[in-house]
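You will see subunit A twice below: alongside subunit B first, and alongside subunit C after that.
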Partner chain A sequence: MRLRTRSIALEVRPSHKAKLVGILVNLRGGRSRGREGEPGYYPDVLARLPTCHFLSLCVFESADYDPTLVIEANYDGDSGPFWACLQHLVGDELREALRCCKRPLDHSGKLYDSITEPGSRRDPAPFLECHVMRPKAFFHGNRGMPRDRILAEASLANAVQDRLGNGEAGRDKTAEELREGLRTELMPKFPWLAEKPKPRIPLGETALDWLKLAAALFLFLHLCLVPGAVIAGLIGDGKHALLLGAASVAMWAVFNKFRKPLEGVSTTRPGLLLSRLVSNAHIVLAVLAALFLFSWPIVAAGNVLALDLEWSAAWKNSARQLGWGIGWLMLFILPGLLVWMRYLERHDSSQEAPQTDPVMLRQMVELEDWIPQNHMASVVSLRPNIPRRLVAYVGTLLIHLALRAAVRDGYLGSMRTIHCAHWAFINNGSRMLFLSNFDLSWEAYFDDFIEKAHEGVTAIWGGSVGFPPTTMLIEDGAAHGRAFKRWARHSMSPTRFWVSAYPDLTVDQIERNNRIANGLCARRLSPKAANAWAGDL
Partner chain B sequence: MSPCQEHVLRSGPGKFKQWVIGRLRAALPAIFALLRAVWPIAKIGKTHLVSLHDDVREVMLTDCAFEVPYGTKLKVLMEGQTVFVGMRDSPGYRSQLDRLQSLARKGDMERLAAAAQERAEEIVSAAEGELEVVDTLFRTVTFDVLEEYFGVTPPREGDMRVWSTRMFEYQFLASDKSLKDEILQLAPSLLRHIEDIIQGRLANGDDSEDDYLGRALAKQRENAQDWDDLFIRTMLSALMIGGPPQPPMVLPQAIEQLLRRPGALATAHEAATKGDEELVFGHIFEALRFDPISPILPRKATRDYIIAEGTRRAHKVSKGDTVVVAIQSAMSDPRRIPAPKEFIPTRQHWEYMHFGLGLHECFGRHINRAIFPAICMPLLRRKNLRRAEGPGGHLSFKGLFPAELKVRFDR
Partner chain C sequence: MGGRPVSYPATSADSWKLAEPHASQAQGMIVSGYNHLPVSQTLFLEFDWDSSTSGGAWLKALEGIAPVTAADGKKDPSVGLGITATGLIKMGVEESVMAGFSAPFLEGMFQVDRMRRLNDRVGTEWSSCVREGGPLWSANTPPPQVHDTSGLMSTLPRRDDTSITTPITVDAMLILFCKDSREGRTWSDRVTEVLARCGVKVVRHRETNLEFDKHDMVREHFGFGDGLSQPIPWDPKAIEGAGRAPDHVNGIALGDILLGHVDGHHETTVGPMVTRGSTHLDDPDDPDNLDLGLNGSYLVVRELWQDVAGFWNNAAEVERELGLDSEARKERPGTWVAERIIGRAMSGDVLRPGGVADRYDPKAPANDFLFFDDDFRGLGCPLGSHMRRGNPRDGLATKASQKDSLLASSNRHRFLRRGRKFGPRIADPMVDDGAERGLIFLIVNADIERQFEFVQQVWMMSPSFGTLFDETDPLIGPGSRFTIGAEPVRRRADIANFTKLAGGEYFFLPSLPAIKWLSEL
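Then we have the complex of A and B:
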């Protein structure tokens, strides 16, 4: 069953903000059982949302825009049943919350009216579905693990721990004997141990991930080949070489002049992007070769159709066009885009001391660190220039596809603390929403970001208003640790209602439980594999 | 088929017609799936058939625009008296319902469940490994315990099971002439019978409050105006017509569905053996989702209204039109119901509409919740529950009424 991540953002009538916040806070107070008031622990809610991993509701408040209600949901399986469950759980509250929102100006206005008019009994789910956003990028730390499996494996791991007690139980046994003993003992309570565990990421899904990444890259790069190919059609090779040579030398000269960080901006080793490109030259070459090979038949067919050439001539002509296209791409277009970006970076303003409302800050802090997990919700405005927006939209998509294809074990760099996180664009793409469910404290989470993943973070948020100064897309930016944290806090709002289906489990624990369960499902393990398995106990 | 079964149900349509009804019933899930996909709000003449979960809920919950069409026939049955079952939301409706609800007492459901289970156990134990369940088990137990609970004792002449079942059929399912003629005889008999019971209890000075009637008479002593004899007899007769005929329809259909699913039957057996009545009820309700007693419910538009307003399928209904809500379709609409094709006995309450929804949601739902598992548990507890050999081993119908289902089990 696939884990889905969705969010809904609705503008709130400013006069109704306090009422809306009250509704969400009541939802929390009125519903938590057991550890009263603690965020993240709502067994009654979770029983009625049987596919939900994480759910949050918050109201974003800022001087720059009217309050915005955001509902975030991470759930297994189909969407319709999930929204139906939510509506049956908190339908009245949802209707009241919608009454605090602005009437949408689009086609959903009528639906809004019929749901919010006095005495209406119409279900709110269809309206929510009208406004559901698919994230532009998302990340799942325990990919391929449905909620039921996470919970079942956690209860198995607890049972194993109970059996082992203080470790005496398995002292004089080999790892395999210990494993077999536990398997036999636990099988009656966990009959699924007899089944072969389902693969977490099926082969087809993996193939599709890589295919999507390849297709997006291909489309983007293929478009970048057009200028070179067109010029190749207009002038001969000699003149073309002279033109490209002159243009690229000029571009590289400008690029070289601007590529270094400005004074006071550099935090990391300068030239990170270039050194990354050089150290991964083999990948760059392979991508270019693939680009050439896949583009060749397309361009050749274009030649046959547009220029009426024979196929043999078309192959030759298209190879020449592609060669020039790649030349322009590498020597002029990419450096040109970077120069443009550098120009913007040198003139961008960044906010050194953004003001965070002390009351909101206190509320945020009060809601954090009750359980091993935390939640954060942030909205930032995007800088208006075209290349910035382009990087934000296309870059986020490419980063998403790359993460999906390449990260299978939940590690972002060397950090593995994110359960479910996602980015979405709201308000006609002028703002970026970020919602994350993570392990440990907010401070530790951001320290991790700053130390271990600041390049990716800078690439995604670099185009946001007030973000610390960046260099060459991925350098500096988030590496300005304190400024980045201040900026991030300023963009956040307290999460008024938040539920986690497994509030006591970290991403690492879920993975460990999965290894223990997989080991116990196996009929037999080699001594080496059994020892590795026992290492998790 | 037992001889009394023979006369509780009318003789039913001819073989061919019965076969067509059976085929149609079996094809309903596919028909509804098709409608949901291509014509979610179908209109034929002045009748609109609503099949999506969202739209069914909308119609059922919007009682200010859609009323139940039961009033006219109810008046025939009640000699002109109006009953809340056929009324719009109004102070009169609320007053009747509130008064009737006030008769229920804490502990009633436990008592009913215990009585039903005891009676069912007697019958199942007495059967020597083979039992016809529709009449012998389900109808007998339901009528026995509900007559006692409502305080409507069986008549000396005539058969309450026949009276109730016929009148239920007339009220909700059929209007043919022979049935109408029969009803004109039976309806007054039921009313006179209840009046006699009331008079008998008043004359005897019987002030026990074990049943609805006793409690209603106690209320009468405090407030004669709200609890006059006419009101009490009308309410009791509505309950006898709307209530007891239904479990003998519902439960055989549920058992038939379980017999078709060995996995579900095994978990139902396990739950019954453990005494987990909640899970047994879950099995019965879930089984009914695949063959509900009422796949559709009728409504009449009291004003012009747009169903699914604001969506692409927005559909206008004019005042006076008939709207048929397909609750069977709503309960298997994959847009809202998780895994509708799977048998999941632990679904949430909202996934079912067997008892209707909104203003006219079944008055007897708590009673049913108590007696369904209680009646079925003694049977489901039996080992190796299976169909009897021969045609009796498969649920047969007379019209829309389950007629016979024979099962076998190890003693």
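Then we have the complex of A and C:
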């Protein structure tokens, strides 16, 4: 069952903001029994939303836009049943909340009216489904783990710990004897131990992830081959070589001049992007070779159709065009795009001291750190110029596809504290919404970003208004620790209502429980594997 | 055992020196643990002057009898000074100047959300890490006043008490470092008298000391070597003879312990700017202005009481329960467990599978060790032991490719530990003598949130440190289970809490020029 991550953003009537906050707070206040007031611990909600991993509702407030209600849901399986369950649980409150929102100007206006008119009892779910957004990028720390499996494995891990007690009983056994003993003892209570564990990520899904990434990269790079191919059709090779030589020397000279960070911006080793490219030269060459091979039949067919060539001549001609295309791509277009980016980076302003509203800050801090997980909700405006926007849209998509394909174990850089996070563009793509359910404190989360994953973070947020100064797309930026934290805090709003289905488990612990469970499912393990398995207990 | 890091530092934890002009501006206790002055008088001060006394008068008076010592060479005796945020306000520092200090300092250690994060108080109860009845002293910082025009704050349900008052209010702390106790007491009596004349009361007095054993090691009350691991600050501009790069294992940016220098997150903290000689702010670029923060720092102080007999009896009992008493050789009962709680052997050496780490210097325990290659599973030094939680080094990496990045990231949370113990040494560690003893835990850091609070919250008190589940620090945590790595399967013990918080606060450790400025108030 796939974990789905979705959100809904609705503009709120400013006059109704306080009322809406009140509704969301009551959702929390009336429910948080059990452990003293801890946000995120709601047994009744979880029982009635059986597929939900994380659910949050917050009202964004800013001087730059009217309040916005955001509902975030991470759930297993189909959307329909989830929204229906949610409506069943808090339908009246949701209808009341919708009454605080602005009437949408699009086709859903009528539906809105029918749900919100005085005395209406109509279900809000269809309206919500109409406004559900798919994130542009999302990240799941425990990929392929449905909620039921997480909970079942946690309860197995607890049972294992209870049996082991202080460890005294296991001292004289081998790891395999210990494992077999536990397996037999626990089998009646956990009959699923007899089954082979389902693969977390099916082969088909993996293949599809890689295919999507390859297709997106191909499309992007293939388009970049066009200028070279067109020029090759217009002038002879000798002249072309001269032209490309002159253009690329000039471009590289400009590039070289501007590639270094400005005074006061540099944080880490400058030249990170270039050194990454050089150290991964074999991958770059392989990508270019694949690009050539896959483009070749397409361009050859184009030659046959457009220039009316024979196939043999078309193969030759297209190989020549592609060769020039790749030459222009590497020697002129890519450095050119980077020069353009550097121009923007050198002239964009970044905000050194964004002011966080003290009332909002107090509320955020008050709601954080009750359990080992926390939630963050942020909205930032994107810089208005076209290349920045393009980088934000295309970059976010490519980063998403690359993460989906290459990251299977939940690690972003060397950090693994994110359960479910997503980025979505709202307001016609002019603002970026970020919602994250993570482990440990907000400070620790951001220290991780700054220390372990600042390049990726800079790539994603670098195009946002006020972000700390960046160099070559991925350098500096988020590595400016305090500036980045201040900027991020100022973009946040307090999460008024937040539910976690497994409030005391971290991503690492879910993985550890999974290893324990998988080990116990096996009929037999080699002594080495059994030892490694026992190391997790 | 693991190889020694390739790069030898030009400086070590106790030999690094600040370059001028920083050395003559920063307080000496930042660069030195004052091992040559093993006895100290810690005076906690409350400002109680009348309106006719100026806010800086006491500092002027202090100049005559106990001038604060700079970091430019060994001096006997020496003085260190810290002032709380409420202290600065009482001295007359204007609101606009105060705004330049960091938030945790301004809010104080007992701000309600901070108490929850540090695990001192959750909801309406003090945690079991705190002395019964609550802490005795703090700055009693009033809860921050936010101007809530939206009315939202008052409508939100609160689950805890918003303001805590301790019986003793501390506005500043003065530490007099001496060679011996008698000299120190006479001096502190004179200082107390002089301060009283300026309306400053000594509201709490602790004689603290570094007691060296015959191997020249400082031992805390439980009997373990303390202060063995310190970070080594690095800055090519402000540290004399700084090598080309920070020490691989223990190097940190100077800005992490001294304000006004580049810190571990590549930034320079600029403190509140003031005009020399007057209090109102002026053009910040005026060369005549003073950065109050420059070469100052923040001190975190926590008075932690130790129940030595409780600790050792509990360790001995756990050892019996684990069936280890027969293994527990000729040593004191409980030693095996106690060593694992700390992570270092009684000798000070870090535990390794089957023994302890090799020494490079036969006279001192090694401190340039790492965990990933040599003790990944915590079979020697348990994953949740006090020193592994205090500084996980590269031990939180789960793959070899992450070692360097996790080591670097651990180091961004380190601080200088300058704590000293108080109270008499216990005659028999298994028998309670009723005496009050403990540690004035005192650390120097530039970013309280990223350093002290992070370590306390995310490493020490977190029930989810690494892949450990539902357990906290076995030494300073509220009492929980404790996993001790073993093959084929871990052992697990229940450890109770024997260190109690009896007071604490955040202090600003002003530079000498800042003290001069403050004395003019």
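The rule is simple: the second predicted complex is superposed on the first by the 536 of 537 C-alpha atoms of A that agree within 3 Å, B and C clash if a C-alpha of one lies under 4 Å from a C-alpha of the other, contacts with A are read in each partner's own complex, and residues count from 1 in each chain.
In this text, contacts are C-beta pairs under 8 Å (C-beta built on N, C-alpha and C of every residue); 3 or more make two chains touch, one makes a residue touch a chain.
Note that the structure is predicted; figures quoted are calculated from it, not measured.
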### Which of subunit B and subunit C A:288 touches, first, second, both or neither
neither
#### Entry: First, second, both or neither for A:165, with subunit B first and subunit C second
second
### Task
Considering only touches as defined above, state whether A:18 meets subunit B (first), subunit C (second), both or neither.
second
### Message
One more residue to check, A:88. First (subunit B), second (subunit C), both or neither?
### Response
first
### Query
Between subunit B (first) and subunit C (second), which, if any, makes contact with A:226: first, second, both or neither?
neither
### Summary
Max touched-residue count on subunit A (subunit B vs subunit C) belongs to chain C
### Query
Regarding the shared-chain residue A:536, is it in contact with subunit B (first), subunit C (second), both, or neither?
second
### Query
Who does A:362 touch here: subunit B (first), subunit C (second), both, or neither?
second
### Query
After superposition on the shared chain, which partner residues are touched by A:407: those of subunit B (first), subunit C (second), both, or neither?
neither
### Message
By the touch definition at the top of the document, which applies to A:108: first (subunit B), second (subunit C), both, or neither?
### Response
first
### Message
I'd like to check the shared interface: which positions of subunit A are touched by both subunit B and subunit C across the two complexes?
### Response
none
### Complex contacts: residues of subunit C adjacent to subunit A
113, 116-117, 122-123, 144, 146-153, 155-159, 263-267, 269, 321-323, 377, 397-398, 401-402, 405-406, 408-409, 412-413, 447, 449-450, 453-454, 457-458, 462-464, 466-467, 469-470, 484, 486-493
### In the complex with subunit C, residue positions of subunit A that touch it
18, 21-22, 25, 28-29, 36-37, 157, 161, 164-168, 170-171, 173-175, 178, 267-268, 358-359, 362-363, 365-366, 368-370, 372, 411, 413-414, 416, 439-441, 443-444, 447-448, 450-452, 479-483, 504-506, 508-509, 511-512, 530-531, 534-537
### Message
For a test of understanding, state which residues of subunit A touch subunit B in their complex under the given definition.
### Response
48, 50-51, 77-78, 80-81, 84-85, 88, 107-114, 119, 121-123, 125-127
### Query
Can you list the residues on subunit B that touch subunit A in the complex?
53-54, 57-58, 61-62, 64, 309-311, 314, 334-338, 348, 350, 358
